[in-house]
Amino acid sequence: MRFPTGKKLDIIPVGRVAIDFNPTDMNRPLNESANFNKYLGGSPANIAVGMARLGSRVGFLGRVSDDQFGTFVTDYFKNEGIDVSHIFRCEHGEKLGLTFTEMLSPTQSSILMYREGVADLQLCPDDVDEEYIASSACLLISGTALCTSPTREASLKALTFALKNKVPVVFDADYRAYSLNEPDAIEIYTSLVAEKADIIMGSREEFDLMERLLSLSGADEASADYWLSRNAKICVIKHGKEGSRAYSREDGCWGVKPFPVSALKGFGGGDGYASAFLHALMNGVPLPDALERGSASAAMLVASHACSRDMPNEEKLLAFIREEKEKYGTVITRL
Amino acid sequence: MRFPTGKKLDIIPVGRVAIDFNPTDMNRPLNESANFNKYLGGSPANIAVGMARLGSRVGFLGRVSDDQFGTFVTDYFKNEGIDVSHIFRCEHGEKLGLTFTEMLSPTQSSILMYREGVADLQLCPDDVDEEYIASSACLLISGTALCTSPTREASLKALTFALKNKVPVVFDADYRAYSLNEPDAIEIYTSLVAEKADIIMGSREEFDLMERLLSLSGADEASADYWLSRNAKICVIKHGKEGSRAYSREDGCWGVKPFPVSALKGFGGGDGYASAFLHALMNGVPLPDALERGSASAAMLVASHACSRDMPNEEKLLAFIREEKEKYGTVITRL
Amino acid sequence: MRFPTGKKLDIIPVGRVAIDFNPTDMNRPLNESANFNKYLGGSPANIAVGMARLGSRVGFLGRVSDDQFGTFVTDYFKNEGIDVSHIFRCEHGEKLGLTFTEMLSPTQSSILMYREGVADLQLCPDDVDEEYIASSACLLISGTALCTSPTREASLKALTFALKNKVPVVFDADYRAYSLNEPDAIEIYTSLVAEKADIIMGSREEFDLMERLLSLSGADEASADYWLSRNAKICVIKHGKEGSRAYSREDGCWGVKPFPVSALKGFGGGDGYASAFLHALMNGVPLPDALERGSASAAMLVASHACSRDMPNEEKLLAFIREEKEKYGTVITRL
Amino acid sequence: MRFPTGKKLDIIPVGRVAIDFNPTDMNRPLNESANFNKYLGGSPANIAVGMARLGSRVGFLGRVSDDQFGTFVTDYFKNEGIDVSHIFRCEHGEKLGLTFTEMLSPTQSSILMYREGVADLQLCPDDVDEEYIASSACLLISGTALCTSPTREASLKALTFALKNKVPVVFDADYRAYSLNEPDAIEIYTSLVAEKADIIMGSREEFDLMERLLSLSGADEASADYWLSRNAKICVIKHGKEGSRAYSREDGCWGVKPFPVSALKGFGGGDGYASAFLHALMNGVPLPDALERGSASAAMLVASHACSRDMPNEEKLLAFIREEKEKYGTVITRL
């Protein structure tokens, strides 16, 4: 798959910026945790940081709170070299989403979210600037942004401008039950976006959701057949600890297993995966190697306390792959 | 354009059923009108009645109030032979929309609408039954149904099922400023539906709206070029008293003028037009003759006190055309 | 009980103005009624008209829609000589409440209400002018105005200004189940107002509601004892067709039976009662005679098609009493 | 002033429980703070803890979130010996309010609040149990609980039960601009409660608010005159760093100055004041000495990192008073 060249930016993720509060006194119930670190969070924001660390030129389209937390995330982005010219402040007191993490054990974690009247869902169609979208080699739309108005319409408008200006679109399903107050809506909107996207990434459950009205079989091959027959060039379908599969007409089909690291927490891996995979793909790395990098970044993230803060740069990522492969061999297989 | 045969129903309009209160003491401001007639109203409901009068087998997908007014409209439909198996009652006290008409003069009329917490906008995705959609030779989606959730998602779900089951889709833009509490949303959703529709009907202003993000020229030819290059087989663009134009790859392009009747009111014509035009088209009447019938029905409606009640049957419609053509000649020209 | 003299106005009712649509084709279900008369409605509005007809100098504090229906009711008030200087137009498209009446038979009637986003409930504290309240010899607060914010706060503010300026307060419970989306709230607010009111009028059920937290016995005597020990001088407790009772420390306790007229509809009587009773009381008519006038006006109203339109003037009211008493004797008894 | 004896509980505060997140890396803008301690917060909750520490038997009437944070605050209360039998969990996902503190310097601090869809404001009339209210020697109503429905009606219902059962009522104005989405409402409700309260505590600004419709002079004496002529026995009016004044018919009028401690933060003092003052008063400590204890507790709190956690027990409080008075002399003067 080809990305346009000569663009000012490599990628513009659209959607959620939030704050993670991770307890420093771990391995106990959240109610007993008394001290917390504050980190930048939110899936497309984490991907933005991850890709910037790896060397991509990254923008962002989103809304933040008009308070010190809004300042925190914007400053954090600036320090990472991310363009913040299209991050807007909310005007009616909406607040950044908060995620308090309960880390009972590496395999048991849960989250307590503050998402009522949340800033990121206030992104509105008027915030979407055709020139900005056209200035990027790629647009990344996150499923969470489709869960309600007006961020849904803003995302669809960004999609319209991307198609009109031949900017490839990545759709990262990123479905969260918590963000859904309109049952049945999400399957409609995710499938509307997926059928126009160039790259679709999601878990098996997220693909099932997108396909609920379509009477497909639920097998990865059926999903890939359907979406590749629309506009998609690559479908990545994730199966949790079983690993994931990438389907592409041009570059074949590949399976990738997780690197066998010892996890500190059960989340954050997906954003590491997406950032390393997309950065590689946009820089001409062949599909199987891009998948390997995604899997490596995912492994590094679940072993870290934060998500955004601990995104690796290219040197660390490649070193990790080298070391792990020496120990455990390859994680990639041709399907 | 071909419609599937062997279906149980000819058409299923989706969306608004309402009640019109038209003053019997006309030609004065609404505040001075003291007596009113009650009629079934709402654009897709009027079209349903119009087509049933002409002999189509008509269904309907919509929500009505759970009160005597809901009973009134359902009974009215039944009396017209319309299938009401998919008209559902609201569960939280939502009321039918009301339209009080001010008929100051044949050229000056206005409406006072009650649309707060309105029943028709409660149609939800769960109400949409794939089998029912598949049982019809045509689905008609009205733009008003796209203006807000959950009726928007219900309409998009009906559209998805129509496409999946190869049921042709008519999109009647029917844009009303009053139904729009989400600026910028309507242009996104109308264009999403229009690009998948087989027949698109709308005023010049409504086409401008659908095309706002597309940078088209605003000329009818440019609109027709764009939408016929998508999925549309026929585009009908209306210019009020100037008449309307139909564009089709297969059947050429045609202009149609209004019949020069003396109007009693300034509305209702569009629903007469749509019902006669679609009924003719679905029964193999050539495009220019179908347009003539649309124009004739429109003329008959603006000369009547009600909308639904005064929809003509085929005999009256053809008699009207014969008489008017004898007096004034044809209203159709090839473009 | 004494009212202050030398005031510019006799009474200011606060609250609901609405429109009644009564079918001209009666004695059938509402869904079958096809023609309607439009009348001014709403309990305090009807009382305003009733008192103005009898010769009181009447003001009004309320909100109406900014459309032709708002013009209709304001013009109607003006024609009755009611001061409309403190009737304000809504600013966000709120509409006048509508009441469609089903008149199946004189004893069976029901109503279909449009009260969603309704104008009268938009009366807000800023609309309440101390000078205006102080300019009247009496303030009438209607229970419906207490059912939700901001009209609740506006009513409480008017009450505060009335107490501060020694303007007697009439509380007409006028509780409607439909106007209550906050269970348990209405008993709190009605009792807060009742304990400060000089005259309390309500049905037995409405008194039960006001007393729900107070553990009274539910007998009229217990209610009267309680409220007369607060600020009330007169309590009127209604028992539907059984008649009503008035309790007063100064003027004794009285029972009043309905005049035995043949009713056309089952509502409107209460507003006739209140207007004739209060007008009489404010003009020095002794309590039992004031009750007789209330009962007579109630009887005249249930025998009429409209509420507001058919309010009697003093001449007609007294003639009715004379005629009825000749036929049936007195309706008043000392308790 | 006398409190009833033989009750199961000494006091039931009604209203807000929340969580404070105070930065451990202080003296910098909140956006730069990266680590936070979690404390129980909310004015009536802090007072509950403060009084329990001093030995009062404390209950609570309130709503908390149905998540780990709700567990945290309930467990915290239990550990302090507070009765939690009337703390209810929210049923629709409402979350505990959060207060992030910015501690720039001892004199410059600000807060960032999460109060959208907040648990404490969900306390509803059905939660209010007459027997529970009657089982306490005192009810404390906090102004914040009056700012919106349904917590407003719940508070008014608790007030009604307290009056009915002769339970003295403390009204702590605790007005927060942030909790007010209904302009003009708060002055109406605070004055409604204040006129029935036995003890009123508030800042000068809060008294101005309660008196906005009353045309008082704005002087403390005028305020005291007015409210003591209603139901109040004691009015405490606070003037920030100038100290505060207590007015009482029985026990004279007293001024109290702050103890000259070095502050760590600019808030929390009020809750310390209220808890020590009320505990003393309920235990027969004379009014001036009770004020001294209030002032001492306030001083101790502004010098601490937390609010709830750092509430003193009686031994520490009295020791503090002894030491401070030795150094600086008395803070109490007769007015």
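We call the chains A, B, C and D, going by the order they appear; numbering starts again at 1 in every chain.
Convention: a contact is a pair of C-beta atoms (placed from the backbone, for glycine too) under 8 Å apart; a residue touches a chain by one contact, two chains touch by 3 or more.
Keep in mind that this is a model prediction, so the values were computed, not measured.
Among the other chains, D has the CA centre that is most remote from the centre of chain B.
Look at the contact of chain A with chain B and you find the same residues on each copy: over half of the numbers used there are shared. Distance from the chain A centre to the chain C centre is 62 Å, each centre being the mean of its Cα atoms. Chain geometry summary: the mean Cα position of chain A and that of chain D are 45 Å apart. Touching of two or more other chains is recorded for no residue of chain C.
Taken chain by chain, the contacts form a single closed ring in which each chain touches exactly two others. Contact between chains, as defined at the top, is found for A-B, A-D, B-C, C-D. Chain D makes touch with chain C in their complex at residues 124-126, 130, 149-150, 153, 156-157, 160-161, 164, 182-185, 188, 191-192, 213-215. On the side of chain C, the complex with chain B involves touching residues 21, 24, 29-38, 67-69, 71-72, 75, 95, 98, 100, 102, 112, 114, 116-117.
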